[in-house]
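Read through the structures below before going on.
Note that subunit A is present in both complexes that follow, paired respectively with subunit B and with subunit C.
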Partner chain A sequence: MIKSIVYKEWIKTRWFLLILTILGLLAVGNIFLKVQHYITFNEAHNYWYLVLFQNQQYFKGLKFIPLVIGLVIALVQYIPEITNKRIKLTFHLPINENKALLMMLGYGVAVLLLSFALLLIVFIFLSQHFFGAEIVHSALISVTPWFLAGLAAYFLSALVVMEAIWKYRIAYFLASAAFILFFFEKGMAGAYAPLNWKLAVLTLLISLSMTFSAYRFRKGEM
Partner chain B sequence: MNKISRYILVFITILAASVALPELYWLAFEKPINAPFTMYSSQEHDFFMIKREQGETVRVDRKGNEYTRDEFELKLPMFFSRQLALNGTLPDSLNGVALDLHEISRARSSFRFRARDMQTPTPELYPLFESESGRANLEMPTDFFRITHRMEFLDAATNTIDERKSQMFTTVLNNRDFNYPAKMIAGIPTTRKSCDEGYFVVDSKDMMYHVKMIKSEPYVRKIEVPDGLTFRHISCVDFSDKKYYSYLISEDDGLYILTQDVYEFIRWPFDALQPETDELRIYGNLFHYTVITRRPGYQKAMALDTEYNKVDEFTETWKEREETKQGKIASFIFPAEMRLSVPTTNFIDFYGERTKKFNWVFLNLFLVLVQIIIIRRTKLKMQKNILDLVIVGITGIYGFIAVNFFQNKFFD
Partner chain C sequence: MNNVIECKNLTHYYGKKLVYENLNFNVREGSILGLLGKNGAGKTTTINILHGFLQPRAGECLIYGENTQHLSPQTKSRIGFLIEGHVQYAFMDIHQIEKFYSGFYPHWNKEPYWELMSKLKVDPNQKISSMSCGQRSQVALGLILAQEPDLLILDDFSMGLDPGYRRLFIDYLRTYAKAENKTIFATSHIVQDMERLIDDVLIMDYNRVLAHSPIDEFMTGFKQFRFKMEPNGVDLEKEDFVVNLETTKNEFELYTYESEKFVKGFLDKNGIRYADFSMVPMGLEDAFIGLTGKY
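Take a look at the complex of A and B:
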C-alpha cells in the first residue's frame, strides 16, 4: 500500500521536481559565476570587503527558489487530488485516513528535503571555495529561513488546496501569506541567528496543518 | 490530531496577525515625530535647539525664545563657523581664544552610536592595514585576519591561510600573554580614514590589546585596564585632534575614552546612557563637548568642557508615538504588537511589546461577545468552545481572526 501511494505521488511530481531542482542548481551556479566575474575584474579582497562590511549578499539569488519549489510541488501533488474529489478514493483505502494523508505529505517532505539538500550542498561547497568560514557561516544563517520557507509554503499550500470552501481557502491563504513573510525579513547577513530555530519549530508544527482541511474535506464540510 | 492541528494554525495566525495588522496600521497612519536637535553654545553657555513644530522649523533656546536662522547661527559660532565666516560675522575671539577656521575645524568632532551598533552580527574577519606604509593613502590589504585559537590571516584570492604571517603575529600575541579567542575586535575597517591605528582587541579574560601592523611587522601592546573595568562596546574614532582612540561603553554603562599614545581610560561624567536602547551623539569643538543620549520621547543633553568636566545639562521630553492620536487609537485595537525588526538591534527576532494602557480590553470583551453569538448561531456546543473564547479574550482582534479563519467544527 505504501509503495503504491509513493508511486502515485512520484508520477505526479517527478518532472516538476526534476526541472525545478535543475533550475535551482542553475541559479546557484549563476550566483557563483557572478562572484567569479566580480573577482576577476575587482580582485577577491575587495569583494570580501563588500561582503563583510557593506552587506553585499552574494547569496541573494537563492531567496525565492526554495519557496517556488515548495509551492509548485504542493500544487502538483494536491490539485489533482481535489479535482473531481479524487482524494475520496484514497479515503476508501483500507488504511487510516490520516495515515494515508501523512504518507502523501511525508513523500512531499522527503523529495523537498532531497532537492533542498542538493542545492544547499552545492551552495556550501562553492561558497567555501570562494570565501572564508565566517562568511559562509553567516550566509548559511541568512539562507536557512528561505529553505524553511520552502517547507512552510509546501505545508500551507497543501492546507489551502485541500480546503473545499472558497471563503475559507482565501482566509487560509491570507494567514499563510502573512506567516510566510516571517522568513523574508530584510536584514544583514547573519541577522536571522536568534530567529532560525524558532522558525524551524513553527515549520515543524505546521507540518500537521494539512490534516485539518483534509478532515473538513472528508467530513463533507463544503 | 485534527484538533491539535487547528490550534497550531490558530497560533500561527495570531502570530502572523500580530505582526501584519499593526504594521499595516502604522504604515497607513504613522506621523513623523521630530526629536529636537540640541547644541551647547560656547558663547552663550546655554543649550539651543532646532525643532519641528506643525511642519515648521523653529530655533529656540532653553527658555523657549525663538530666533531667526541668522540670529541662531550667531549664538552658536562653533557649530556654524563656516557659515559665519562666509557672512563675515565670525567673532575674532571667543572665551579669550582667538578664532581661526583651521583650528576650529581641527577641534571639531562628531560621533554617533546607536544601540544596533552594539547588537549586531559581527564580521569575525577584519583587514589589518599597513599603518606606516609611507604612502599618502591607505591600501586595502589582500588578506583578512581572525583571532580564534591563534591569529590567522586568510588570503582572499586563494582562500588559504598565510602561515608565515599568522605565526609571526600569533607568536607576538603569545609573548604578551594573550588569552584566545578574542571576545571583541574594534577598529575602523576602511581605507577612508586619516591614518590607521589598527585594532583594539579584548581577549577571553577581558585583557585589552592594541594590535597594528607597522612595516609588515606586528605591533602588539597590552593595555593596562583598571581592575574590574570591562567593556561591552568599543567605537574607534578618527578625529583630527588625535586626543583619543575610541569611545568605550563599560559593563555598568559608563562612557569612557581611551586617550591617544598614553592609553588612559577617562570616564566622562555622563550616566544617562542605556546602550541597549539609546542613541548617543557627541559633538566636540574647541571649548565643549555636547553629549546627547536619546530614546523615544526622551533625551538628555550634557555639556562638558575640554577637560571632560560637566558644565551643564538639560533634559527634554516629548510625545512618543503611543501618546499621539494615532497611538491612542491603536491602544484601543491592539493588545500587543509584534515586530521582526526593531531599530535597536540588527538581529531579526520576535520582538513583542504589550500595549501600555489597557484600552484594548473593551474591544477584547466585545469580540468575546461576538464570538459567543457566532457560536450560538452556528449551533455549536458552548463547552467545546471555551478555549476559543479564552483565546479571543486574551489576544483580542488577532485571536478573533484566527479562530474564525479556522473554524472549530468537529464531528465526534
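Take a look at the complex of A and C:
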C-alpha cells in the first residue's frame, strides 16, 4: 500500500521536484560564481573582511529557495487531491484515512529533505572551498531557518489547500503567512543560533496540521 | 436474505432546513437498489452519509454491520465507490492508475479493467484528464470491477454520459452484478436508466420516502388513469387513495395504487360524471413524475 501511495505522489511531483532541485542547485552555483568573481577582482582577504565584519551575507541568494520548493511541492501534491474533491478517493482506499494522509505527508517531507540535503551538501562543499570553518558554521546557522521555512511552507500550504471552505482557507493563509515571517527576521550571520531549535520545534508542531483540514472534510465540511 | 446496507432513523438538517427525519431503508444482499429523488430531496446527503463524509444529526447507516462513519479497511475493501462525475486520478494514464489501485486490493482482478479499456480508443499514455467523459466513466467502472467488491455504491453514474455510454455502462454493470451476486446502491438523475438496472426502488421527496419496494411491484402497483370529468365539488386531491392529480382544463391524470375498478367505483359513488377513462402504461420516469409531481 505504501508503495502505491508513494507511486501516486511521485507521479504528481516528480518533474516539479527535479526542476526545482536543479534550479536550486543553479542558484547555489550562482552564489559561488559571485563569490569567485569578487575574490578574483578584489582579493580574498577583502572579501573575508566584508563577510566577517560587515555582515556581507554571501549566501543570501539561497534565502527563498527552500520556501519556494516547499510551497510548490505542497501545491502540486495537494491541489490535485482537492480538485473535484478527489481526496474522497484516498479516503475510500482500504486503509486508515489518517494513515493514508500521513503517508502522503511523509512522502512530501522525504522528498523535500532529499532536495534540501542536496542543496546543503553542495552549499557546504563550495563554502568550505572559499571560506574558513567559522564562516561556514555561521552561514549554516543563518540558512537553517530558511530551510525550516521550506518545511513549514510545505505543511501550512497543505493545510490551506486541503481546507475545503474558502473563508477558513483565507484565514489559514493569513495566519500561515504571518507565521512564515518568523523564519525571515533580519540579523547578523549566525544570529539565529539560539532560535533555530525553537523554530525546528514550531515546524514540527505544525507538521500534522493538514490532517485537521482533512478531518473537517471527512465530517462534511466541504 | 442479509441486508448489506441498513440505515436506521436517519435525520439530518442543513442549518435549520430539514432534509429528512427518521429515514429507514435497507439494501438486500445481491440486489440492485436505485435511489431516486428530485434535486434537493436528499440523494447526495444519503450518499455522503454512506461514504462516511457526513455525520447525520441522528440515526446511523451500517454497511456490513459497521457504522459508515468508521468503516474498517477490511470493509472498505469490499465496497466499490463511484464518485459523482466519474472522478478519478486524472493526472495518471490507464496503466498508472491500474498499477496504483492494484496495490490496495488483495483480490485485484485486472481482466475486466483491461477488457473495458480495450474498447476505448485511447493512447496507452494518454492522461485520464484528456479523455472524454464517456471514456473516463469506463476507466472508473473498470477500476471498480477489478477491485472485485461485494457492494458497489454508484453516485449519479449517468452524469455526463451520452446515450451509448449510458447503455454500455448499465448493461455491463447489470450482467456483472447478477453473474457475481453483487449488491449495488445507485443514484442517477436520468430515471429511465434505472429501469434497465435496478431490482428495488427507493423514491425520496422532501423530508420523506415516497416508495420503497421491488421495482416490478412498484411498476405494477402504481397506476395512472386519464379521464375527462366535470367538476362537481368533490376534491379528488384530498382523497387518501389519490397519490397525485394533474389537471389540464377538464382532463385529469390521476396517480394511485388502487385498481381501475376502485377508482371507477369511487367516481360513480360520488356521482362524478366522467368520460374517456383509460389506464395509461407508464415507464419508470412517468411513474416517478406521477409520484413526485412535476414541480
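Simple rule for what comes next: the second predicted complex is superposed on the first by the 222 of 222 C-alpha atoms of A that agree within 3 Å, B and C clash if a C-alpha of one lies under 4 Å from a C-alpha of the other, contacts with A are read in each partner's own complex, and residues count from 1 in each chain.
We take it that a residue touches a chain if its C-beta (ideal position, glycine included) is under 8 Å from a C-beta of that chain, and two chains touch if they have at least 3 such contacts.
Predicted model, so just to flag it, every value in this text is computed and none were measured.
When both complexes are overlaid on subunit A, subunit B and subunit C end up sitting side by side without clashing.
By the touch criterion defined above, A:16 lies against neither subunit B nor subunit C after alignment on the C-alpha atoms of chain A.
Of the two partner chains placed by the overlay, only subunit C lies in contact with A:91; subunit B stays clear of it. Of the two partner chains, subunit B is the only one that A:44 touches; subunit C does not reach it. When the shared chain is aligned, no partner comes close enough to touch A:64: not subunit B, not subunit C. In the superposed pair of complexes, A:7 makes contact with subunit C only, with no contact to subunit B. Touch criterion met: A:219 reaches subunit B and subunit C at once.
The angle formed at subunit A by the C-alpha centres of subunit B and subunit C is 140 degrees to the nearest 10. The wider contact with subunit A, measured as residues touched, comes from B rather than the other of subunit B and subunit C.
Within the superposed three-chain model, A:159 lies in touch with subunit B and out of touch with subunit C [touch as defined at top].
For the overlaid pair of complexes, the smallest distance between C-alpha atoms of subunit B and those of subunit C rounds to 7 Å.
Subunit A uses residues 219 to touch subunit B in one structure and subunit C in the other. Residues of subunit C that touch subunit A in their complex: 48, 51-55, 73-74, 76-77, 79, 81, 83, 85, 87-92, 96, 99-105. By the touch rule above, subunit A contacts subunit B in their complex via residues 39, 43-49, 52-53, 98, 128-132, 134-135, 138, 141, 159, 168, 171-172, 174-175, 178-179, 181-182, 185-195, 198, 202, 205-206, 208-212, 215-216, 219, 221. Only residues 1, 3-4, 7-8, 11-12, 80, 84-86, 88-89, 91-96, 217-220, 222 of subunit A touch subunit C when the two sit together in their complex.
Contacts from subunit B toward subunit A in the complex involve residues 1-2, 4-6, 8-9, 11-13, 15-17, 19-20, 120-121, 123-127, 140-144, 146, 154, 156-157, 159, 189-190, 340-341, 346-350, 401-402, 404-407, 409-411.
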